[in-house]
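Same chain, two partners: chain A is paired with chain B first, then with chain C.
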Partner chain A sequence: MLDPYILQQLAIGLSLGMIYALMAIGFTLIFGVLNVVNFAHGEVYTIGAFAGLMAISAFGPPLLVVLFIALAAGALAGFGLERLAFRPFRRFSDEASLKSRAMREATLMSSLAMSIIAREAMEMIFGSQFQTVDLAYLINKPIHIGPITIVNGDLIILGVTLVMLGGLQWLLKKSPIGLSIRAVSNNALGAKYCGINTDRTIIITFVIGSAMGALAGILVGLYYGAIFPSMGFTPGIKAFVAMVMGGLSSVPGAVISAIILGLSESLSTSFMPSVWSDMVAYAFLLLTLIFFPQGLFGARRERV
Partner chain B sequence: MKLTRRTALLLAAATALTPVAAFAQDSVKLGYQLPLTGNTAQYGQDFKDAAEIALTKFNASGALPVPVEIIYEDSRSDAKEGVTIARKFVDDKEIVGVLGDFTSTVSMAAAQVYKKAGMVQLSQTASHPDFAKISKWQFRNITTQDQEGAVNAQWMMDKGIKKVAVIAEQTDWGQSVAKGFVEPFEAAGGEVVYTEFFNRGLADFRSIITKLEDQAPDAVYTGFFYEDGAQFLKQMAQLDAAIPVYSTSAAYNDQLIELAGDAAEGLLLTATFLPTRMDANVQEFVTEWDKTHDHAPGQFPAQAYDAVNIMLAAVVKAYPDLTRDSLRDAVAATTDFPGVTGNTTFDENGEPLKELTKASVVGGMFVEVE
Partner chain C sequence: MSNILEIKNLSLKIGIQDILHDISVTVPEQGIVSVLGANGVGKTSLMRCISGIYHATGGEILLQGEDISKLKSHEIVERGIMQAPEGRQIFSNMTVLENLVIGAGPLGRQELDHVLALFPRLEERLKQQAGSMSGGEQQMLCIGRALMRKPKVLLLDEPSLGLAPRLVGFICELVSKIRAEGYAVLLVEQNVKAALRISDTASVIEHGKIVIEGDASALANDPRVAEAYLGGHVHETA
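Our next item is the complex of A and B:
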């Protein structure tokens, strides 16, 4: 098993997995609170990448500043998205509307609409081609470890994922905001009756989740040097699959599933044509839904 | 007569056009169908600009006693629109020949009309293998992958490369890249150790590159456009895969170098046009082009420039007995036409036999390899 070929493929799979995990964290957090998929998450990811790119071409700040600009852009995008696509469907506060699945699931469509508008707008402004990125900002400098090669971006992405995961766990478990997020995610109506400001909690969740999505966007954009308006689509699908595999509302479950997904994809290239490697994700999705409808790690866990 | 706005406009147009029409009574008319709006408009606009450069030069040269006119129609890269335009051109008895369209799909749809009516159609870019085979009326001014593959195979053979991996995108075009190379290469005694197709827009090539390195080929032959090309080359550099990469004219784009930076250094490819080539006609075209554009012309406008010139040369040859039939025969008889994309001769199917230029990326620029 210590064949350098396998080791290299494992390293690539791990880095792919971390990239999917990066996106899956914010995605899962928002799902956990609202119980609906936010289809515009992929566009928030793209907005983060474009915000970072514009900062780079405007005044060439250090990488850390670029990341914070992307975070801020993501937070703003998350706030706007909640306002435009989700808030209007919560304007009735009677019990029937609050319990209505139809009201909640209408946001599937409104978030999809927002995502289409955002993507088309970016295509009109920037064109659909790859944007030129200052090559000095790319985080793809090779690092050799024995027989395998990784890049500095892998370490940065690993670090950011761990910080996000740790920070989020701390936030959810130890802070008052986290407490209200957990309460809303568990039972929004109950939380409301207990005096928790559910609207504010939902906005905060969107801001945090979208900031994380935007950070993922700029990091992956600089990792591959590929920033373009439809860049959020494929990672969005992978993050969705990871979320379903992880049990829909568990952030750590989604991260572990994302890594499993990345490893499987990179190893699959060894056994079958690369055009089929996208099928791996869909196969996992199907198998999970058939055999583990509660996710790979079971359902007896706290939400979020 | 009630003077509506439309009649007023018509009258105005008629007055404005009368002197021109009187002057151009004996002008030769050609049609050009190309996308001027829609999402391939940037290509069509370039074709039109290149065609105008060629036409202005031709009319100024006095090679014909009458001027030549080109009528442009916007096909929006839509096959239905292409057919409508073709009918319009065919019905206009003054039009003797047609250029275009841009994509193979639209060109082939329109070709059915031209085939039936008997009008010569010369496309600058339709590269589908079946296009030129539709009838004796279809010609194209772009090389097919069979030609590029054969030149690349010979190029590698000359360098003593025997083991090659082939990577191409999973499309009809990508398949034709692989097939066009593998057949002549194996016939010449080479060995293809690994073939892989990828989905266009694949973000991560590293698994493929690792697998490719494992097969230890002497070179990689690739079929990709510049965006995928830039990703592939960057990740090759990232993984320190020191294997020479050969590619086709589809990767020939300055954007490739801009996106891949140093990783593009040493890329080898075949192309039909290099704006840096010092030949007089190339420099003449590039100078004219630069007057109205802030970037050097790519391969596509150069193809259009040559297509128009080939058509004009055929008009001169057929004149004064200029009919749709005589023009077709004159186009078919084109031999060694000295264009900016190399010398062109049409074979019996209307395929151009061109000499391809070999180029390489050196110091952040495409330069010709002697």
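Our next item is the complex of A and C:
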């Protein structure tokens, strides 16, 4: 029989991992279609949390509506982000420039700039301190299961993430738009020859990825009751690590890596001070880059 | 017979480089027209201009009278031009079936049986990852994918590249068969002999300009073509 404390940490770690997974999907999908890292992804998460918070304080809708508002805000943020920070650098359409190094470097800077602007703007509007969240909305009501205690947020996060992952899987495998996203990820020039509107596909990818990131933001905000303008930074790094561990553009790889990361972080607190648990992600990143440069699951995985 | 595709005085500059200069090529309905030339003369660049991957800096490309030279690649596909491009550009980590369905766009699986009848090899491999097939099979997939949308004009950029001689014959037969079904074909080939055998007319490009053009049979007997591309002696025409 496992120690109840370990079981409890596993439950927390699973929630954490699911949140990282939601975040990592956005990174991964965008890396797939453009071969770039979107440095503003952490801010999209924060925007999701603030959009939910504003909805709560404005008209106190049911939790499900709050989640939908965060999704919508994320989708909108993704759309704007692509238009402002990525589209302007994509002027040529041949294979040499579609996923070129020059574009990668330019959008690295432009997305970083957008993230700083977004964060500073939120600090100017809301201040940099924690926002107060209506206690009724917090998803930290304890639930006792035998010897361990979890909170209702653990179940909500698990449920919401499974629905999103299932939906995404269906979208990518079965829908025409999912087929387009996978086609552009696999061979952007080939996609053009097949009549796929690559610009539209890229926008849709940003919209989907950002909506999921924003959903993660509001879930965490309500789980810990902590919503503040720089809250996206740490989860952004964790999701980035999960993307690298998963092999950069593999959605299943990123999700599994995110869960491994969440569980490991949570278990690590049983043998080292919890302030150090962030080190786990950095250690994973280093080990992956040294021993598995193709990601933990090798290069032959199905990408996206 | 009316012309389905007319390329008029097309020119292309990339940076300061003159890639194409005053190119005119006409493809009649149900015609097979080939564009010939040595490496690096601009054949692929011409094909890319037609498909909207590059945008010509001068001249026009008329598809049934409509200028498509400013359109985006997906709009050109919607108007009925599909290309089996250089380098194949298949989706290597998706299945053969997925490749074909993507090529079909809104037509879905409508044309699948037809394409599989042309390429029985693909039928056995529908569930296989496209990238794990042999080069010849990938070439078949590339052409099959382009046919899935029932294009008005089919562009083939070196379909015989890297294929065994037997397969070159297969591709030639296939092109003739496709024409008999009502398609017009614009063909770029290094295999000049084979290309001239199946084409109606042909143009030879050098340094981005057309230097010889005319009926394929006339070109096959042209000493300039023979010297440059057919190993120095005039061959019999089929």
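Keep in mind that, in the parts below, the second predicted complex is superposed on the first by the 298 of 304 C-alpha atoms of A that agree within 3 Å, B and C clash if a C-alpha of one lies under 4 Å from a C-alpha of the other, contacts with A are read in each partner's own complex, and residues count from 1 in each chain.
What we mean here is this: a contact is a pair of C-beta atoms (placed from the backbone, for glycine too) under 8 Å apart; a residue touches a chain by one contact, two chains touch by 3 or more.
Owing to the predicted nature of the structure, the values given are computational and were not obtained by experimental measurement.
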item: Which partner, chain B or chain C, touches more chain A residues; value: B
item: Which of chain B and chain C A:Ile196 touches, first, second, both or neither; value: second
item: Which superposed partner A:Leu179 touches (first chain B, second chain C, both, neither); value: second
item: Partner chain in contact with A:Asn187 - chain B first, chain C second, else both or neither; value: second
item: First, second, both or neither for A:Ile145, with chain B first and chain C second; value: neither
item: First, second, both or neither for A:Ala58, with chain B first and chain C second; value: neither
item: Which superposed partner A:Ile290 touches (first chain B, second chain C, both, neither); value: neither
item: Which of chain B and chain C A:Ala102 touches, first, second, both or neither; value: neither
item: Footprint of chain C on chain A - complex, ascending; value: 93-94, 179-180, 182-183, 186-187, 189-198, 302-303
item: Chain A contact footprint on chain B (complex, rising order); value: 39, 170, 196-199, 201-204, 206-208, 210-211, 214, 227, 230-231, 234, 238-240, 255, 258-259, 261-262
item: Parts of chain A lying in touch with chain B, wherever the complex brings them together; value: 5, 8-9, 12-13, 16, 128-130, 132-133, 135, 138, 140, 142, 144, 149, 151, 224-226, 234, 265-266, 269-270, 273-275, 277-278
item: Chain A partner contacts - residues on chain C that touch it in the complex; value: 48, 51-54, 72-74, 76-78, 82-83, 85, 89-94, 98, 101-103, 105, 145-146, 149
